[in-house]
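Next come two complexes built around chain A: one with chain B, the other with chain C.
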Partner chain A sequence: MAKTYDYLFKLLLIGDSGVGKTCVLFRFSEDAFNTTFISTIGIDFKIRTIDLDGKKIKLQIWDTAGQERFRTITTAYYRGAMGIMLVYDITNEKSFENIKNWIRNIEENASADVEKMLLGNKCELEEKRQVSKERGEQLAIEYGIKFIETSAKASIRVEEAFFTLARDIKAKMEKKLEASNPPKGGHQLKASEPQRKPTNWLSRCSLL
Partner chain B sequence: MSLNNENEYKGRLIAAVKKEVKQVMEESVTRKFVHEESGSVTSLCAAVEACLSQGLRRRALGLFKTSSTTALLHKIAKHSREAAIISKKVQEIENSDPNRRSSSSSESLTKPTLKKNHSLPSTPLPKYLWIRLALFEKQLAKIIDYLVSNANKYYDKDALVADPDYGSILSSLLVGPCALDYSRTKTPDHFWTDPPADELVQRHRISSSHSTPPPVRRPILNFRRSLNASSEDSITNRTTTQHLAKDYVESLHQNSRATLLFGKNNVLVLPVNADVSQPMPGYLSLHQTASGLTIKWTPNQLMNGFTDEVQDKSVFWDYALQVRLDEIVYVHCHQDSETGGTVILVGQDGVQRPPIHFPKGGHMLAFLSCIETGLLPRGRLDPPLWSQRCSNKRRRPLPALSETEETTKDYVFRIADNTTHKDILKQNELMDTHIALPPKSRVQLPSTSTSSESSTKSFSIDQNAPDSPPSICIQAVCDSMKRQIISRAFYGWLAYCRHLSTVRTHLSGLVNSKIVNGEGASDGITVEKWNELCTDGVVTDHAELYRLTYFGGIAHDLRKDLWPYLLGHYKFGSTTQQRMELSEETKQAYENTMSEWLAVEAIVRQRDKETQANAIAKLSSESMSGEQVPAQIQRDLSNEVFEDNISDEDSGPNVEEEDKPERTRQNTIKYDSDPEQDEKEERYQQQQLKDFIHNVIVTNASVDMGNLGSEIEANGHRNDLDVVAEENSSLDTCIETHGLASPAMSTCVSPASSNGGVYSQELLETFGLNLHRIEKDVQRCDRNYWYFTVENLDKLRNVMCTYVWEHLDIGYMQGMCDLVAPLLVIFNDESLTYACFCHLMERMVENFPNGNAMDCHFANMRSLIQILDSEMYELMHSHGDYTHFYFCYRWFLLDFKRELVYPDVYATWEVIWAAQHVASSHFVLFLALALLETYRDIILSNCMDFTDIIKFFNEMAERHNAAAVLSLARDLVLQLQLLIENK
Partner chain C sequence: MIVNKLVKRRGNDGIFCNKDLTRHQQNQAYVTRKEFKQRLDNETWLSDSVSSSEICGDNYNVFRSSKGRKGRGVLTDVNCKISAQCICVTSPFEEIDILVVKLCYCSEPLIVINLYIPPGSQTQLNESVFEYLEESHITGMTLIAGDFNIPEYFATTRYAQNPSSVCQTLNQFIDYNELRQNNFVKNRNNRILDIVLSSEKIKCNVDHMEEPFVAEDPHHPSLGVELTVETKQEVVFEAQRDSVRYNFRKADFHSLYDAMLKTDWLKTGWSVKTASLSCHGSSVSQPLGPEEQEAIVNVIKRAEEVDLTEQERVGRLIERLENMRRNALGRNPSQCLLCGDGFGMLGAQKVLCIDCKRLVCQKCAIESCTTKNTSCRNYWLCLICAETREIWKKSGAWFFKSIPKYILPSEKSYRQAGSKIIRNAKAGYRDDDSSSDEDRKVWGKIHRRNSSTESTHDVHESVQDIPTMSTYNRQTTTSDSQLTKDVEPLKGYMGAMSLAEKSWEKDQVSGESSEASRRESTVSRSLSEWNWSDSRSEEKVSPSTSSVSSIFKTSDEHKHSDTSLGTIELSLTYDPITTTLLCTVYRAKNLIPMDINGLSDPFCKLNILPNAKMSTRLRTKTVHKTRNPEFNENLTFYDITDTDLMKKSLHVLVVDDDKFGHDYMGETRIPLAKLKQQNTIYVTAPLEEMRQEHKGPLPAPELNQWFDDLWSRGQILLSLGYSTKRRALLVTVCRCVNLLPMDNNGFSDPFVKLQLRPDPYHRKHKTSIKWKNLNPVYNEEFAFDTRPNELATQSLYITVYDKDYGKSNDYLGGLILGGTGSKGLRLKQWLDMIRYPDHRHEAWHNLTEEVLD
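Let's look at the complex of A and B:
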């Protein structure tokens, strides 16, 4: 019954305050929605272990304060992140516009090859929509990242978003490992591998 | 109980089991195993116990024991194989501990599993022992199955277990948990299992004894204590003659403190103050201690007479002799052919000690040679006892001292210091300077040079005595070793001094030097106390008010009156009249300020609506219109973003970019960056925009215009106003005139009106941004606390907006709402809340991103932990180094507001405010430290790393025992005060 995980991925949620980062995370980690969340101060994280192609992947997802003033404290967490969810609110044009700034923050603070993904949250509020899906898609294409519209409240595609990001990280990681000398493994990847990795999983890599 | 109620109750019982089963199953999926002591296992067992107890035919079955279900288990063990296995195990465990009552499974019992704490002989067993065991042994479902199928024997017919539906549901529910593996030992994977905070706390509670969490361990203080003890020891060595008899005699033998160099029975001494005329026999001994050689002589009566009757032996104690050799200058030897010889010691004061008569047999020579070797290397006998002239190293005593010779000769030896004396002096000086010098210079003392000195010293001994006899060499080596040990102790002490000096220099600023006594203050300010303090509405004794608050808090009903004092809004000594006037002024000023920003808010709202309308219009027209219109809107909106950047990033690393706002703007619009054209284009765009907005509003009135409400008639004016404002900003002629009451606003402010206020674009945008942020946070501020209804949230928003309007340079930052909220709950008065919040922010604003207090807090925490809990510091340092203390960020930013429930926030805040006048103006540090120390054993035993500790404290939020934490924090302040005082 007991299983160990094969990878530990550190993910980060960023975006303007009030776009629903904490709710998205809560939906993913607890499969619940809570209307009484207050603004995130400092940092928090949640854990969920998922199964991808037979691998147990532990996702450690960091939730940050949205207000840009706090980025001195939040950028400290960019560094260790392997994947970043950029979240905006489809009913808030400004939060969408600010994605550009957040991306710049990532470029300045995160490692260069961090996987990114764009989330347009609150998509259940169609009547208040200010940002069309097309604009979201276009922005994602511009930055070469994936895009999903989600709703933490209505539980729309949140799961899918995190699985997609995790899958991309895993693929990138395994590709990198294959490219480098397989037995030794990449430098950066090693840190995220548990020490007691037993199987020769390279032979079973299905994604590449 | 009616049938319905009963069914409902059963349904609830089953629902509880269902919930717990789900919890356990989830735990097994998200973690690698379920810990036997996991909270969810206990909860599941409790739920099962509740089901099994319901409707049990206790009396009919003769089950009278405390836990009937355990008794039931033993009963069915005869018929059910599974029950028999568990029953046997339960009995085994119960029998293994004779101290506990039998079969009381719902009591806490002793459990022989999982013990990391070996110091505790027996630890409390978890509750629901048999259910637990049955679950771990995977037999629970089967046992319950048996019970269900034989329910008529054991249960009433309306019992849950006897119910045709619920009974089978219960047993089938438990099939899942019975298939799980439960673990009790920590595996190497333990770190990856992330047990939730409550589980950690519970585990700790289970594994440690019932005693309250241990007070902070203070290795450094212990060290000091032991240091004191040892120094006391040496003092007693030096001075005491009044040892207990037994101790005294024992001290005559070889022991850890002193080496016995010589001992001889029946040595005769005539004590000075004795009534006897004849020398009396006694035990002569020579001891070497760290401080030097000591000669002791003890009358035989004391040596042998222990078991005799207790006739007044006290007189013999007076006869006993104890001479420290460093007080002796000359040793006179009188040789006598009849007896073994006599030794008389002459002190530095010239006084002779009583003669010591040796029996025959060369004992005097042996004694003297022992003295000589004992004196090395610091001193020697002059002239030497052993001839140095013999190069063949053969022992050859001075001829005169040989007993074989018939001549009776007297000799006088001087006890001389060796050259090493200087070194010793030096060392003494060193120690003296250490005591005398201020801390700083103490630290600067070169430790290396002293240590090298000591090593050359040990060298010189060997060199000085190249041809000394082997025994002397060994002695010298021993001595040098001893000295090295002593010097090591000395360096330990030196390190301690340095440590103290660190404390003094770095941490002395954290606490007040004056220690205020908390006597009689533990009840804090009660209504009676308040009546005493507040005579005729005037409070004068502020020191007492602070003291009482610090040690005992304030009665809830008084907070409304007292907090303004603590925060500095009310002055001590002010009269009721003065305070009323102040309140009136405050209120007036608050209302004035509010009317100012309300006017601006109206404009901002209007613009928002237009923007929203634009966006919606754009969405609908996106497909048919060209690029032109959306680009304009984007420009308008990105302006906001851009302003945002300016205010946010002025201290950031992107100064170059921010220095050229025009270009950024241009980039966004995708125009080329010719500054000449800027203004023209902007005007052009504004004109276009204006037209566009008009179009949207006029033509698309159906698009989300319903919300505008009463303001809709002002639309036309507003649009014009916007344009005016924008034009003004681009011309850099922003004038800020205001003072209009908000009702007048909507009519007065039009471009044509001469008495209307005109606000700069920048102001509008800045305040608009802040307004949006405030609204976002106010809306979700403590919604589940009873106070925050819609209208009270409105008050919160007003206070917040007023503050931001008055402090636009600071602006709104997340967390400010959290600081206003408790004040508002207590005062329930906007203007008073606002005034007090302003006072509060004087200190708190430095914690926010633009201030530097947070870094100071972190640095101070680092020092404090290092000093007060080195073990914890080690862990933090080694385990992925989280001595940056980011996990304390929220604690300091909000004065622990999010860590505690509301009543505890009140209690904590007032102590923090009072603390600066009583004990420490950095009391928050000690609170943080107290929080850490409260859970230190959990943190240490789980080897928490940074992520663990963040998770732990985030999960523990609002679940702390605030009273205990506060009291510990006060203790910690006192501890540091004492450490600094070095009492």
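Let's look at the complex of A and C:
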């Protein structure tokens, strides 16, 4: 109750188990990192309010379990999400290949105009890299979404990723609301209420 | 059996390049008046500047692929009655035009392919075209027609000894797809350039058209095609062309199960890095442990809290908007909608709100601009519409496409105040409460019987709790409607929440924690249901026990009373010290339906009569799509003296909120004299018909005074009738009254325009102009040729204008009668007209300020 905000955006993190979704979120919400691996149970969420172009935006970020056994729970949260971050691990080829499965999952379960973003996590482990940055970029282009390589551990571009996604959602919202009420062109002036202006009245007077 | 008239023709040079000529062609089509189901044209040469409606009129859906180049373009017109869908407009081949339209007459869709292959194209190209058609479009029901430009192809040379390579390709194509060539009409050179291919299922009869739609080309005779489709009575499950059908009943389920068990799912798609999951196979079905369940429940609870704050926040926004709406002062178009300032030379500068299309002053509007393709266009938004847009942003409605669930601040305060009583009640009754709604309803009924017949063991509570209970009982009867109302916005995020809960409950075997969570959620649900009954009990502190019993009486009474127009429940509290009269409008029941869907959008207008001041009019918010609205709203009248109580009465008017004017749904008058003896009265009053003196064109002056925003634009008397002899709708514009003065002389020069939409003949009618008259009498009759079965989808647009010379006419008011877009009396008159042809149906209607164009 204490904090007021202008907009509430619901975001979702998905990706294979162990790619670092929880750590990314932990870094963003608490600016901290935990090296021990604790598998997320089902779902969890964190909240952070950010300031974007003078508007306070409350981000409710849902962290999902990557494990298959929680899939029924996690997919239920797709529909409410306005933005989804697809996370993979750059040191794990398989997690990258699975991104297309996750995309398919989104297409099946999420709202059609959900904003998506691709995140290659653990980019500080350059020596163990299996997925090149170019491949990530290539995949993102293929799906027409944005791509950022992050590191939750070294705190690289995590903030940037969430801000970018929030900014995209906000832009979409503004565009959509403008489009949903398309201002019609001049004809409504003609057919609308009588546009009686003083000049008209005066001109009639002078005619008389 | 389906008969198709299909015409194939060739455009002459220039015909379609010229707009006027196109129109000429369109007229020609009407002159022939031949109804056809579809029409295919080749070489249309249509440029984009020609609009589709010009080609064939409104009755036909036009699909076209016109590249605007010389000698190119294909076009398919389909009668509007047939549902058609264009599958492919842009041909994948640069040189060749292909237009594929899917038509649905029967169980299986008919694919109509309109093709144009320019002369001298390569055999290879033709091959790839045929391949493309084979792969993507041809089904069991296909019709291909078009100019193939293969002059050496004769129907008779189909099995010739040495066909050219082009003919060979075509023959292969025909054979492979089990098609048939149907066109044997030869052109002047004794050749067949236009080829009509159809599937085996379709019997196709091609004839030379005697009356071509357009001037005939010597190379391309106009063809009339009659299609007969043999529809077998087989059930087709799949309408999709490219999907494979399986017979699941014949599946070998045993081996399927085995295969599924044997499959190493972990290697098929999903990667796993965790050690705990190395035991594959069983992990998928592994149920959730108790700690896991608890963890999830905790998360869901936390999420519920977040949702609650969000719902409250949205509620605050909504309330603010509702207040703004209710406080709007403008009563007629010469005033600002919001602040009520008059426009004029000395008054405020007026602007038109782009969303609600109403006039507001510049102070009450915000100027914004859209940037579309770098061109910036300014527009105005009234504060209400600006706020509405803002709410759509802030509540997330922009994403979920409807306003999500919210809690109004007033409800919240009731909830907090009432929670103590609930706890009391819970202790007494709710221990054995089951979670399902049905059970609770039964429980409520039992309890009602108990409390009404005799005092049983339950009545150990204080008297104060009894009204709570009784209202609770009533609440359960209406809870269904409220539940559905609540459920609707759940589509979005909340839907996901409950889904998650459900799916998780499915997953888990059992667990105490889940029990706890479920109970938790029921409690929170019951809380929201209770909140309004608590509001009752909260106000109930002032009246004595005698008034408590009066609730029971009134609620019993209303069951027996005549409720043809429905009833309204409200309470009145008079405070002599502050001289205020507080009206709480609870709900209305069994209101008459106004919309075609059998529902209404009611709101209440309250006024103290007689001699009401303008400022004493109050209104509730509108409750949409219901006949049993729950208003639960407090409205306060100020400066009510004791003498007022004796003389005056409260007038409650229930009105249907509609974009095109408000409609009367019932009224009631409650004398205030009763409040002299008792501070609070509860009333359940039946709604009455409009009083006799109000009928007719002129409402009673007392009503008129505060109905002026409803009836400010005047009224019109219209008579409708369908003449089966003339096969036409006859509309008589009898007269208008109370029109707005638009000219400087204090009068208007009104005339009435009539238009039936959609109308294939685009007929418009106009009455004569009655000079300097605000109550003109026309008695002019107009006829619209139409069929009775079309009337249901048509609407009559009636607009009244003030004739002006030297500038555009002023809009005086309008009205829509018809199956779509009208309700109430307007809908009734229209339906009566359809139901009882050859009769005159006369009715008065209010003109609305809504601009109909």
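Please note the rule applied: the second predicted complex is superposed on the first by the 176 of 208 C-alpha atoms of A that agree within 3 Å, B and C clash if a C-alpha of one lies under 4 Å from a C-alpha of the other, contacts with A are read in each partner's own complex, and residues count from 1 in each chain.
In this section, a contact is a pair of C-beta atoms (placed from the backbone, for glycine too) under 8 Å apart; a residue touches a chain by one contact, two chains touch by 3 or more.
None of these values were measured; they are calculated from a predicted model.
J.: Between chain B (first) and chain C (second), which, if any, makes contact with A:Met82: first, second, both or neither?
T.: Touch partner of A:Met82: chain C, not chain B.
J.: Check whether A:Ile90 is in contact with chain B, with chain C, with both or with neither, and answer first, second, both or neither.
T.: Neither partner.
J.: For A:Leu177 in the superposed arrangement: first (chain B), second (chain C), both or neither?
T.: Touch status of A:Leu177: second partner only.
J.: Is chain A touched at more residues by chain B or by chain C?
T.: C
J.: For A:Ile47 in the superposed arrangement: first (chain B), second (chain C), both or neither?
T.: The answer is both, since A:Ile47 touches chain B and chain C.
J.: Looking at A:Asp113, would you say it contacts chain B, chain C, both, or neither? Reply first, second, both or neither.
T.: The second partner, chain C, only.
J.: Applying the document's definition of touch, where does A:Tyr7 land relative to chain B and chain C: first, second, both, or neither?
T.: In the superposed model, A:Tyr7 contacts chain C only, not chain B.
J.: I'd like to know which partner A:Ile57 touches here: chain B for first, chain C for second, both or neither.
T.: So A:Ile57 meets neither chain B nor chain C here.
J.: Regarding the shared-chain residue A:Ser39, is it in contact with chain B (first), chain C (second), both, or neither?
T.: A:Ser39 contacts both chain B and chain C.
J.: Taking the superposition as given, does A:Glu68 touch the first partner, chain B, the second, chain C, both, or neither?
T.: Both partners, chain B and chain C.
J.: Identify the overlap between the chain B-contacting and the chain C-contacting residues of chain A.
T.: In the superposed arrangement, which is not itself an observed complex, chain A uses residues 1, 4, 8, 17-18, 37, 39, 41-45, 47, 60, 67-69, 72-73, 76, 94, 97-98, 101, 194, 196 for both chain B and chain C.
J.: Given the complex with chain B, which residues does chain A contribute to the contact?
T.: Going through chain A, the ones touching chain B are 1-5, 8, 17-18, 35-39, 41-45, 47-49, 58, 60, 65-70, 72-73, 76, 93-94, 97-98, 100-101, 104, 108, 129-132, 134, 194, 196.
J.: Please name which positions on chain B make contact with chain A in the complex.
T.: 28-30, 32-33, 179-181, 183, 188-189, 192, 194, 611-612, 615-616, 619, 622, 634, 637-638, 640-641, 644-645, 648-649, 653-654, 772-773, 776-777, 780-784, 813-815, 817-818, 848-850, 884, 886-887, 889-890, 893-894, 898, 947, 950-951, 954
J.: Name, in rising order, each residue of chain C that touches chain A in their complex.
T.: Against chain A, chain C makes touches at 265, 269-274, 276-277, 283-286, 288, 292, 295-296, 299, 302-303, 306, 309-310, 313, 333, 345, 352, 354-355, 357, 359, 370, 377, 379, 389, 392-394, 396, 398-400, 492-497, 499-500, 503-504, 506-507, 742, 744, 802, 807-808, 810-811, 849, 851, 853.
J.: Could you pull out which chain A residues touch chain C in their complex?
T.: Residues 1, 4, 6-8, 10, 16-18, 37, 39, 41-45, 47, 60, 67-69, 72-73, 76-80, 82, 92, 94-95, 97-98, 101, 111, 113, 173-174, 176-178, 180-181, 183-184, 187-194, 196, 198, 200-201, 204 of chain A touch chain C in their complex.
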